[in-house]
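Some structures to go through are shown next.
Two complexes follow with subunit A in common, the first pairing it with subunit B and the second with subunit C.
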Partner chain A sequence: MIALEKLYDRIIQRTNINLRELKFDVSPQIEGLIPLRQLTKFYAFYGISPNHPIDFQFRHSNLSGSYFLGKCKVTNSLLYKSDIRGDELKKEGDSFRFGNFIIPINGDESMDIQNSLLVKTLVHNFSHDPETPDIFYIRDTVSLHFANIHGSPSRGCFLEPFSTVDLTTMKDCVIGAYSYVQAGEISRLNIKPGTVWVRVPDNFNFMYQFPSEQLKEYIQFNKGENPKGLFMDFVNARKGDFQRVFETVNKEQTVVVPDSASLDRYAVTKSENHINENVLVSQRAFLQNVWLGKGANAQENSIIINSRLERYNVTAHGAKIIEADLGEKVFVGFNSFLRGQPNEKSNSRLTVGKGSIIMPHTIIDIDEQLKIPDDTLVWGLIRNKKELEQNSVSITEFEKVDSGYSKGDMVFEGNGANFVAAFRDRINHILEANGAFFDGKKNRGHAQKNQNMSFNTIQPYPEGDLEGLYPTIIIQP
Partner chain B sequence: MNQLVKDLMVPISEYATVSKGATLYEAVLALEKAQEKYDQTKTQHRAVLVMDKQNKIVGKLSQLNVLRALESGNEGTDHIGEIEKFGFSTKFVANLRERSRLKDISFRKMCIKPAGMKVEKFMKTLSENQYVEENTSLDVAIYQLMAGPYLSLMVVRDQDAVGILRLTDIFLAVVDAMKANKANKAK
Partner chain C sequence: MIALEKLYDRIIQRTNINLRELKFDVSPQIEGLIPLRQLTKFYAFYGISPNHPIDFQFRHSNLSGSYFLGKCKVTNSLLYKSDIRGDELKKEGDSFRFGNFIIPINGDESMDIQNSLLVKTLVHNFSHDPETPDIFYIRDTVSLHFANIHGSPSRGCFLEPFSTVDLTTMKDCVIGAYSYVQAGEISRLNIKPGTVWVRVPDNFNFMYQFPSEQLKEYIQFNKGENPKGLFMDFVNARKGDFQRVFETVNKEQTVVVPDSASLDRYAVTKSENHINENVLVSQRAFLQNVWLGKGANAQENSIIINSRLERYNVTAHGAKIIEADLGEKVFVGFNSFLRGQPNEKSNSRLTVGKGSIIMPHTIIDIDEQLKIPDDTLVWGLIRNKKELEQNSVSITEFEKVDSGYSKGDMVFEGNGANFVAAFRDRINHILEANGAFFDGKKNRGHAQKNQNMSFNTIQPYPEGDLEGLYPTIIIQP
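Take a look at the complex of A and B:
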């Protein structure tokens, strides 16, 4: 255990050095939050498939309960129940477009995690940093429960629970709980909880700020305390179901899965679920009485209950959908929380019209029936019709915005049509990557490539000074 | 002889000070009083020093900080200051501010709420680079001012604050030096 304690102190110190200019001290924030004893309890596992290049290198780290896929190196780090998913990394021969540059990729990209502490964090996608197109690095960074580091190289950052940094290189930043940042490049920013910020310089800039008191009902993070609120209660209520899945060696699949679809063996399914062709259900996803149309997907940490999602729906990482009916091609962004009520109880299900975009980190939590019209852009906190009116706009209307727009606590500067086009492109890319458009021959994606994957488990030293540390392990083809 | 910081600094005793916990109104009155007492031939003070119970300086309240208080002390525009750091254009923010401004509120009314707010909400704490020893030569202090850049430096003797070195006083010293050089050349 001595080595583990030293490692923990070293990571905190390195992160603090980076954050000194923000006068931010990580130590009191996470004191007692991660009992090191807990880190010795769980095995780590990695996936092997012919579709993903393999190069796992684990050195002087704890990997407890974490999952690895694709090429990744982990050095001097503590990873607790995190998903390091390298199935979208660039491959040799690819090219990466940045502004007017087309950057050739001369070797397979790999993830490189050093001196970092990641707790229940998802790392996915690929580096969007033009200066390091072949390394998706995470260094001197601490991230907490259900944070998403998506295509975002990071150095010296602290991410609070349920925060997401997407397609952004970040340096020396603090990202508040339930904040979403997609801004290309950020440094030395302390972003307060509940900030939703999407910016492409010289093109558009979208920002929404959650009302802080109301947000606390859903997620609240105080230093030295476990995160609290409805989100945590909701996730913790399903902890036992996941524990059973991880403890079972040979899991018997009760759901009928078409040949072109994929249901991960580390996903939880309960009651009757219907999965159509080209559907992707990722590890740590939870389905209970769900109908998924062709090409729909449920990504890591998503929870879907008593709901019907028509074809080509995207349920992004960490999104929750309860008692809802979603039309065709609805996008539900990262960590969004959509909750209707059972019909038999109060006739207050949630309906989302086709083509709608539910922005990342949106909360829709209703006690009365709510119907969101087709092709609507939705953001913020919505608990009734009045708040829907304040926090949504028809996409057609928004496309006409040519300089600026504001509504409620949302402000937007730039070209609305470009903003919508960027989202639509992104949604199409996600569907494409997930294999939603597979026709039996062409357009294979994760739903087809991630089938029949093998999983191997690895374990730490069980006792002594090195207790909890994993021996150096290098796994190559 | 080389000029030192202590030759140009304004002694701390001539500066306006308030205690931590004072209101903004008390601070601006203190500044007004200090300006009245100050030698009219010199450049006026533009800041108030905030002291703790041990009479140590804990922050500085500038005229700009007071203006900022008008903004954050009034609902309707307080959140707009926040968005400036997120890359929105100045024009867009100004437009937003104009639209968010409380309707039918006079300038005088805008000053009511901020007047009762505590100075520590708006004062700026000094960083390590804003302190300079009294025996430091002026050219070194100029470099320190430019590196900030800062409008003034806190002058210390054995860690106790003894004065303020202001940009404006250094500028006047530069003008005087240039004039003297010119005069010497003419001779």
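Take a look at the complex of A and C:
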């Protein structure tokens, strides 16, 4: 364990150096939170398929129970239950649009994760940084339970539990628990917990702040303590189910999966589930008594229970949907938590009308029936009809906003139509990339490409100074 | 599968070229015997421990459910359920004795297996070839079910089922089913089935030939047919038990294993087993109701049932022991088959006295009680007292032989004492290397070093032209 402890200390030190101007000390925050002893017991997984450019380099590093796909390079990093998905990396000859610039890509995009400490973290997609479109890097970043880093370079950052940084270029930031930041280039900011911030400079700016007392019921993070609250309890209650899935080599699949759909071998399925064409169910997704319409997708760490999702639904990374019926093309953003109650109990299921956008990091937690109309934009904390009224707006109405809008604790500046268009584009891209529009020939996406995956399972040194560290592993075509 | 089929054809072709002077055509021999479709479903394992120099190179190759330990390099090879153990490779600074030569080793010994096709095969130990003491190579060798290549270079050979080539430098040979050859440098020989041949040029020469009709009951191999007979039935009956062991990621160990002993995670244990100090139970060994005394070892592919083995017993690769009681320091050689009957049934257990040497490829298959006296040398086919009389000799008596000796179908030339000394040395080396003499500090061997092993589990491409082939994998410290 000696080498592993040294590695851990070095990462913390480097992150602290990066965060010095924020006067932030990482050590007491995560003291005792990273079970180094546990890390030695994990397995790492590396997906092999003919559809992804494999190039896995792995030097004197650490990394635990995980899932890598596509190119990768990891050096001296301490990851933990991380999903590093490289299946959307740009290829040589592609071009990348940023504002009015079209940037040609001169070589296959690579990943490069150095000295990072990522805990239970998903890193996905491709670099959205116009300065490094061909390299997807993360340096000395400490990110806690169920934080998402989606699509972009970060560097010396500290992410609290259930936070998300999206499409973004961050540098030396502290992101509070359950905060969602999609704000372009930001640097040396300390974002307080429960902030939902979506910004495109010179275009629009959306800001919502969760009421801090109420948020604590769901997620609370105190220095050096394990995160607490309903989110953690909810996830922890399903740990055993995942353990069983990871402990079996050849999993018997009891769910019927159409040829054009894919159900990941490391997803959990319980009770009866129905999977239609072009559906994508990703690794570490959890389905229990779920009906998924054509092209719907349940992404990594999503949990869906007793629900029906019509076609082209997107359940983003870490979103939870319980006792709910969702119409066509509903988008449920990252780490959202949507919970109705069983009909039998109180007739208080949640219904979401077609075309609605549930913003990332939205909490809908009801014990009376709630119906969200078609084409509604929804955000924040909603526990009843009154709060729905305060935290939602008809998309048609919002598209008419041309300079500013405010409702409840939400403040919006800029052009509503642009904001909606940006979301719609994104949703469309997700559906397309995930293979929702596959017609038997064209528009193949992850649902078709990820069907039949091999996994290399990698273990660390079992004892000695190197205990818990992995040997160098280079995997190439 | 296209690339896999091409690879297969190329190996066969190269082996045929090597065997041209023997006028031997490999193709019809193994037509349909290698289930290429099956190969795509296997996993490969590579053991990681701080006690073995890892250097696993693996280029556009194939290889299936297996176990690699120590340095290795595999190129364009088609292995299958192979155990390639590199845990006794010579290290820089070692020296290697050959006859009166002492050859210094100037660099760590490496392995190099190219274009080989090895089926259900164990390759072990280190190079005994004085011409290449620092490289353990095997080139275009086709070896069938449960054949052992032990300790040495081979090249363009064809090994029939259950054959063993031991400590030897072979070149372009055909080795018949259940033949055992330990004969130093041989080249372009066609060894008929059931030959047991132990030779050290200018020293001694031991030769026994199994009666071919009786041997067929146990093992029979006809061109292009799956091997038949009791050996295959016996092994196949235990396939399901092994499948369960390979399909579980974290195996729960129910057997009590002392600190100084090791029970491999890929061994099968059934009923009650008792394991004493310094015991080594290797991968793919099978124990059912067995008592193993201090320092005893059950090597790869050995099957031991309802038996008691006193201390310092060696059960070599592929040996089977059923309903038997073995005294101290009994050696049971490769692929031997020793079967008594349950006491309750007919009072006909097998007893082997201490210090006895059961030569490799010995069949003892009784339905009347049989007691082999202490310090007996035993070979050949023995089904009753009369055949024991013909196929054994007291070691003390045999040590007096100074130029020649013959008994039953066995012919011996040379010095008996030298022959016995060579065997005793070998047994001692095996016990030592396996850690049988560990005293808590000194004499650590495999039993102590292999206790706590990590495994990398490697899968091939799941589809496309490369289906069934593995990507390049390089594993280094």
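Basically, the second predicted complex is superposed on the first by the 477 of 477 C-alpha atoms of A that agree within 3 Å, B and C clash if a C-alpha of one lies under 4 Å from a C-alpha of the other, contacts with A are read in each partner's own complex, and residues count from 1 in each chain.
What we mean here is this: a contact is a pair of C-beta atoms (placed from the backbone, for glycine too) under 8 Å apart; a residue touches a chain by one contact, two chains touch by 3 or more.
Quick caveat, the model's predicted, so the values are computed rather than measured.
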### Task
Please indicate which partner A:347 is in contact with in the superposed arrangement: first for subunit B, second for subunit C, both, or neither.
neither
### Message
Taking the superposition on A as described, I'd like to know which of subunit B and subunit C A:404 touches: first, second, both or neither.
### Response
first
### Message
Looking at A:197, would you say it contacts subunit B, subunit C, both, or neither? Reply first, second, both or neither.
### Response
first
### Message
According to the stated criteria, A:471 is in contact with first (subunit B), second (subunit C), both, or neither; which is it?
### Response
second
### Task
Name the contact category of A:183: first (subunit B only), second (subunit C only), both, or neither.
first
### Task
With the two complexes superposed on chain A, say which partner A:205 touches: subunit B (first), subunit C (second), both, or neither.
first
### Summary
The answer to whether subunit B or subunit C touches more of subunit A is C
### Task
Once the structures are superposed on A, label A:54 by its partner contacts, choosing first (subunit B), second (subunit C), both or neither.
second
### Message
So in the superposed three-chain picture, is A:384 touching just subunit B, just subunit C, both, or none of them (first/second/both/neither)?
### Response
neither
### subunit B and subunit C footprints on subunit A, overlapping residues
none
### Query
If you look only at subunit B, which of its residues touch subunit A in the complex?
79, 82-83, 85-89, 92, 95-96, 99
### Query
Along subunit C, where are the residues that touch subunit A in the complex?
43, 48-50, 54, 246-250, 452-466, 471-477
### Message
Looking at the complex, which residues from subunit A come into contact with subunit B?
### Response
183, 189, 192, 197, 199, 201, 205, 207, 209, 403-404, 406, 409, 411, 413
